[in-house]
Amino acid sequence: MDLSTVIGLIAGIGSLLAGYLLEGGSVGALGQFSAACIVFGGTAGAVITSFPLSSLKNLPNWLKVAFTSQSFGTAEAYETLVRFAEKARREGLLSLEQELESVTDRFTRQGMQLVIDGTDPEITKEILESNIAVLEKRHRVGINVFEAAGGFGPTLGIIGTVMGLVKVLGNLSDPNELSKSIAAAFIATLYGVASANLIYLPIASKLKMKDKIEVSAMEMILDGILSIQAGENPAILKEKLKTHIGTISENQEGSGAPSGSPAMERS
Amino acid sequence: MDLSTVIGLIAGIGSLLAGYLLEGGSVGALGQFSAACIVFGGTAGAVITSFPLSSLKNLPNWLKVAFTSQSFGTAEAYETLVRFAEKARREGLLSLEQELESVTDRFTRQGMQLVIDGTDPEITKEILESNIAVLEKRHRVGINVFEAAGGFGPTLGIIGTVMGLVKVLGNLSDPNELSKSIAAAFIATLYGVASANLIYLPIASKLKMKDKIEVSAMEMILDGILSIQAGENPAILKEKLKTHIGTISENQEGSGAPSGSPAMERS
Amino acid sequence: MDLSTVIGLIAGIGSLLAGYLLEGGSVGALGQFSAACIVFGGTAGAVITSFPLSSLKNLPNWLKVAFTSQSFGTAEAYETLVRFAEKARREGLLSLEQELESVTDRFTRQGMQLVIDGTDPEITKEILESNIAVLEKRHRVGINVFEAAGGFGPTLGIIGTVMGLVKVLGNLSDPNELSKSIAAAFIATLYGVASANLIYLPIASKLKMKDKIEVSAMEMILDGILSIQAGENPAILKEKLKTHIGTISENQEGSGAPSGSPAMERS
Amino acid sequence: MDLSTVIGLIAGIGSLLAGYLLEGGSVGALGQFSAACIVFGGTAGAVITSFPLSSLKNLPNWLKVAFTSQSFGTAEAYETLVRFAEKARREGLLSLEQELESVTDRFTRQGMQLVIDGTDPEITKEILESNIAVLEKRHRVGINVFEAAGGFGPTLGIIGTVMGLVKVLGNLSDPNELSKSIAAAFIATLYGVASANLIYLPIASKLKMKDKIEVSAMEMILDGILSIQAGENPAILKEKLKTHIGTISENQEGSGAPSGSPAMERS
Amino acid sequence: MDLSTVIGLIAGIGSLLAGYLLEGGSVGALGQFSAACIVFGGTAGAVITSFPLSSLKNLPNWLKVAFTSQSFGTAEAYETLVRFAEKARREGLLSLEQELESVTDRFTRQGMQLVIDGTDPEITKEILESNIAVLEKRHRVGINVFEAAGGFGPTLGIIGTVMGLVKVLGNLSDPNELSKSIAAAFIATLYGVASANLIYLPIASKLKMKDKIEVSAMEMILDGILSIQAGENPAILKEKLKTHIGTISENQEGSGAPSGSPAMERS
């Protein structure tokens, strides 16, 4: 479970309710089915029009990514690549064939297979980079969907409030009733602004952070594979990978970076 | 028919009406000819001033693109390119001449013709990339027009409301009439914000997504053609094209990608 | 005359007036000299502070560009370049000297002169590209001025309205008078938002579109000249120029593109 | 004196006052010490927190740049560079040593010294480009400070108005007094929006324009120096410099560009 | 202590309070626990959801950076690099080994170690640049967190005010009480806008400025190390480093740049 997503959502929504109750507001007044229908239905409509259905089908996956903790196995990948580099230097690239079975990460396995097959380094690089680019495009769609919802939400809140005011002003009678109706109209603004700023935009941001971590991990593996293919000294390979890990662990929750990662911050 | 465009529009506008009716508003009050005149007339005027007439003439085409489902035939193109690559390797580039008739896609045919004519690879690449660039510029104009409408809409809604308030405040009489007039003035804001957020901006986004898919399909074909011209191994060509298809099918509705497309998402 | 600029302005401003009259507003109430002074004087002041006087002196030129229809003679340039390429191939570059007199376009003439003088291709390219860059910078200033006016306009509208409210609230007497004064205060917002969204920003956009067309035309000519200098096959030159024309005619009003231009849109 | 800065500020602020007086407002009501304290003090605080003190110390310099007219001596630099190029071609680079004393521009002198010392062309270019980059970074800080003030100003205006309303609503008594207090609260919004849009943002824009002119002048000198070092034909050098001057004079007040500068605008 | 951060915060918040007291407001009315709960709790929730916990743990570090004055030892690094360059030229790169102990800066030591070990220049550059990139990514997260807080703050202020109004309007009784409740509701807007514009955004800006200074210092060291490795003339090295120092001292508080740094500003 991704702790910060869960804690953040609970803290955000909880603070709003706590502050409202402290002021002596009644929670019942915050529930407005018609406002919810306008704001959430309208936001959904705008998002559905904006993206192809095949993209939107991934919504459950994106939510899963935002709410669960992923391990990108960078520490493990580091060990594997260093071991491969040393073995390749001693016994040649072909000796890695039998090790390949044990690699669980598909990207590492695909890359090493290309190396063992003797693919031209330029083409190896191109194919692996294309795979990273595909992943990034896929992630980007998810980020875009949540950012779009974060943009449409508040405007639909305004629409809901304006519709409420139109209804109220169009038929005035009891002034006490009037103020209650105006209060109800504001609920739509509340729904729109709160859903965008406590849910949609923070989740878009969280997905963006996770995309960066995964892409960094794949770039580390790419660099390692190309270094092995070029027959570089394993010491150089270690130095390069450690720098990558420095970036990744910076952004990762429960990072599994090896202890020897560089710490360049000046004291 | 592009399902998500149609479903999204119906869901969005439907939610607004449903919420309004649930609150007990009368639909008649939402129809305001003068507000519509200011908001839609003004938005149209601003958009017409912003773009040349020759661009705006494409409005029906853009709407057609947004509302219908296009097939970019990537699966078919994949098959064709692989078949051509294998034939070219066995029997030479010239053997492809007779196959060319059967290719329905103009871009593939133009590219293969250049290859068969023995055009310099650099120039082949340049001409085909220019063709993609022309397509992108054409699409970009459509996206820009809808984004401009989405930007002008809400501000013209504000203009309409301000004009309504000016009229109301300039001649007060019956206070009950007053509140009805203020309600009417807000209708302009409603039109402006709703048209921008439920129609113009989502359609701009949909056009952008479809542009990306078509351009990706053309880039795949371009890559394939250059690979055939360079006489690369068909196995490499397959690997390259599959990566492209990974990107395309990600974004496409009812994708026809071959089953062997790469799935790099980590489990 | 640039039809879309004129039609757009008339349609936009006309729609506002029509909607207002339909509501039963009196046009006289829309004329407020003090509001006009604050909004238009203030916008002018902000724009004058923002740019050097020597730039602002071009205001009449920019308006002329926005309101008249320019011919960039791409069809004519295409014919000329193809004719030159064929003649150069048959009779050598020097044979073009006598033709040069008949070329009316300064950019084409300057470029061909450099070619005939035997200037190094790299330097020819550099000089011509610098000329295009100068033109773009010049155009950019005009676009920036209108975009700045479009940004300052609405904020000065708000300033005008706030000043009006300050005056009204500072000395209340007759409540009926009060509402009229508030209405008058709103006129400033109306002026600011309407001038920005119906005039300044659409004209900035139109100037941007025309800049793109002119630059594309010059890039076509540049490509043609370099192709002639390199002694490329006229058939290749034709193919290259046609692609450029595809882009240009896409954006141009009353395009004069030759009928053989490529049409890559998929059916 | 930079005429457009002074005229613009007077025109902008004057228009506001004129419009206000025409409406019959009393100027005294616009002076609100407490609002000024909140808005200008708050903006100053936000800007001071945002930037290091050593940067802010340059504030008087930036104001001097915005309010005075600078001569970048491009015409003079053009003459000097052409003269040097011709002399170097006739008598060799070393012959320029004695001329160097007479050059008043530090950048030209430093560059020519490097050339005469026989520094490697790559390193000469690198050092001079670094000097331009240093200048640009220095200018950028000034632009950023004024843009930050332009961003903070209106929000502090809102803060001031909200604080005023809080005070008013917290202790109601005489309703006539009430309206005066609300009017006073709006003065803060007026201060914030007007200072940002009439002063801070236009000055940021003016500084940006002047930065572009100075950098263009230095790039012209750099190009000239490298051309002299490469021993290029003075005719080519002239052609190159004239194009630069075309860009510079476009943006400069009281331009001193030689009459032979290119005018590529199509008729 | 970073003077400008402390002075700026005191000046900003002090100006607000001073202005409010001058108007005769009571400070007690500004303290609203429920509003603080909604605005600060909500902002915290949104930020926590947006970033991984491992990033947020660095909050104390970022605050320390913003509030204390750092020395990046550029003057010292300059001396060291020039001394090393001269020694390396006289006695060879290996002679630097014994000097390395005395270098306190980790980045300089790591770089010089790579040079002494005879690492390939390309790889040396790559490793050191990666280290700079890691530092920049780390800093960027801090900047992003404060910018996110600056974005969420005002919207949560609006949410708080809307919630307050909903509560008030939902149960009207004593009109005098009403106005006090509305005043209280506005406190939330005050908290949100003020915290964003006086604290979060200025601190984000300050962190950005400091990131630029530190990265510039590291780039200077990188350039120096590569110059030593390439065996360049110490005079050229000095010229290069001085230009870097010109940029750094421009942005630094209490700069320790050597007196010979270039001053290119034209008089």
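So that you can tell them apart, the chains are marked A, B, C, D and E in the order they are listed, and the count of residues begins at 1 in each.
Assume a residue touches a chain if its C-beta (ideal position, glycine included) is under 8 Å from a C-beta of that chain, and two chains touch if they have at least 3 such contacts.
These figures come from a predicted structure and were not determined experimentally.
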| item | value |
| --- | --- |
| Chains in simultaneous contact with subunit B and subunit C | none |
| Neighbouring chains shared between subunit A and subunit E, ordered by label | none |
| Whole-Å gap separating subunit C and subunit D, where each centre is the average of the chain's CA atoms | 25 |
| Inter-chain centre distance, subunit A versus subunit C - centres from mean C-alpha coordinates, in Å | 41 |
| Where subunit B touches two or more other chains, by residue | none |
| Arrangement of touching chains [line / ring / star / complete / other] | ring |
| Subunit C partner contacts - residues on subunit B that touch it in the complex | 33-38, 40-42, 44-56, 70, 72, 105-107, 110, 119, 123, 126-127, 130-131, 133-135, 137-138, 141, 148, 152, 155-156, 158-160, 162-170, 172, 184, 214 |
| Contact set on subunit E toward subunit D in their complex | 2-5, 7-16, 18-20, 22-26, 29-30, 154, 176, 179-180, 182-183, 186-187, 189-190, 193-194, 196-199, 201-203, 205-206, 209-210, 236, 239-240, 243-244, 246-247, 249-255, 262, 264-266 |
